[in-house]
């Protein structure tokens, strides 16, 4: 990594660690979602084990969406975004690095927390590992897709809800293949590798489409 | 007189914002070592002009180029924008704020411009906020934040400075210091475009007065759609 | 004609489609009336684009 | 160059004035023929009975909700690449129409499904994809509504439309995959293996009628949008105190 990229990465990571402990809030929200589900569907452990991967994925999706609206907004409000546009660095890369830092600060803690929460859902060790692995591969895609929504709603004062509405349809494929591959590892006859590789491909696609689209949106937003 | 390599040239700039024409067919050229002071009534488009030069507002028509600058960089990537917002992160220390901008913004050196890369600590000392270097920027006063934002211009050399109301939130002494810094920049071969209400005593000044047009000529077809 | 045991579903689908189309048509027409009224009001205030258009064409 | 001439808003309005009556006429004719054939000449399906008649509105509606998105995607390219205001107008006014047709496809699909599947909604791959499409339409409409500046809103919506266009095949593929994993085997497929000509003709004519209806509504909505922007610009001019400046650079060499 060249110097500027490292500087940006460190700055974003520092900011998210120092401001409000966004990682902690995300994990708490994740915990809250997972806790609420049994109250809805009943404490049937077999049922919970069956839908466990889905619950964890939906929890992770919601927790990721929750923190995304500040991804560019904070920088826009204090004028930093204007200067970033003029910095002479490729904006797509800037966004990719910001997403990476954001994922490490908010997405990775979710992945780390997932095995623990899987215990509540009566998942066996194999599925626990499978869910965690799919989350590790899939949550970056959620952040990258979410970056598009974040840059589109950057100028809106209350863009958080709209962001979720815009991003969720785009995130459906990630959710489908994330849950499918986790399920495949547990009971279905489908091999684990097939959906898992598609999930990896989706993340790679998101790593291209996300930064390109949100760079375009951010350039227009400076107007 | 210095040999003028660098020249900021704006031709027929036309800007629409929110479906309204802000100004049209504005042209000027500014050569090395001089400052362009943009004056005019409130809301006439001074800030818009600076943001356009900074590449932040898209042009409806016209071109901006920096003659003699780096050919593979856009004009705005060789410019510093010093606007109303300080771009200071309260959660980072003063030094961290400044170091980030030094590392992040690409320096631009071109022939005839001798602006140097100064060390962050030195710059903070010069601007009188050296003692705050390791404090979180949240503790700075408005004037100190302004100075921290200004120090960003000194740690990364770029020939063009775009300054929107640079003296706001500064006291008399700091204002004098700011003028000194601006004059140094001009002396080292830089260019300054600034919008201001107050009289600025700079070495070589050209003025650009923005004036309301005759209402009959305004807002062409396209702007109305 | 005879629509058979599921007549209700068939009629309901067609009715809902017709209703949706009618809503669209109503939206388009009401919107047009609104915009034209606004333009007229502006013209009465002496703000219109008509003058310039005649000049330019 | 003719295309660009019509892309001028004023000329476009004049063109609409000329074309619209014809389009409406053809549209009415096509609907009359299509509906007559759908109800009186088309045979009952040996399996589905008369409910097959819902197909004559369901399939065209489903076709249109895809076509409408295609129109919006092309318009979005127009907005982003050629920066033409009419492209943006076209995309914006197509969204509610697309949403309406998507809604129609969903409603007729579920009304068709009730006698077939015994339930109004199944998470069938196609119905699910169409539902996702509806959410995308509504999201786009909301995005347009929440931004005051139509130019900026247009650019943002154009980016989202194009990202959606890239994503739609992926969504379709994922939903299909997901559906094969979970699908109960007993679901009756909506399309028969071969379509008889007696069914095909009314279907095609209805598709043409729906397409014409879309263009009629789209042109009318575009006209409204152009008027709305004129009203906006004129109101802004009425409100503006400061006039646009023509600047004169007066160089005063100091020293």
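Order of writing sets the chain letters: A, B, C and D. Residues in each chain are counted from 1.
Here, a residue touches a chain if its C-beta (ideal position, glycine included) is under 8 Å from a C-beta of that chain, and two chains touch if they have at least 3 such contacts.
This structure is a prediction, so every number in the text was calculated from the model and none was measured.
Counting hops only between chains that touch, chain C reaches chain D in a minimum of 1.
Of the two interfaces, A-D and B-D, the higher number of touching C-beta pairs belongs to B-D.
Centroids of chain B and chain C (each the mean of its C-alpha atoms) stand 50 Å apart. The geometric centre of chain A is 31 Å away from that of chain D, both derived from CA atoms. Averaging C-alpha coordinates per chain places the centre of chain A 42 Å away from that of chain C. Separating the centre of chain B from that of chain D, both taken as means of CA atoms, is a distance of 45 Å.
The set of chain A residues touching two or more other chains comprises 220, 223. For chain D, residues that reach two or more other chains under the stated contact definition are 10, 152, 230, 234, 237. Under the contact definition stated at the top, the residues of chain B that touch 2 or more other chains are 221, 224. On chain C, the positions that touch chain D within their shared complex are 1-7, 9-10, 12-14, 16-17, 20-21, 23-25, 27-29, 31-32, 35-36, 38-39, 42, 45, 47-49, 53. Residues 16, 18-28, 40-45, 202-215, 217-219, 221-225 of chain B are the ones touching chain D in the complex. Of all the residues in chain D, the ones that touch chain B in their complex are 9-10, 85, 148-152, 226, 229-230, 232-234, 236-237, 240-255.
Chain contact summary for the complex, chain A toward chain B: residues 3-4, 6-8, 11, 14-15, 18-19, 78-80, 82-89, 220, 222-223. The residues of chain B lying in touch with chain A in their complex are 17, 51, 54-58, 73-74, 76-79, 81, 83-89, 91-92, 96, 99-101, 103-106, 108, 152.
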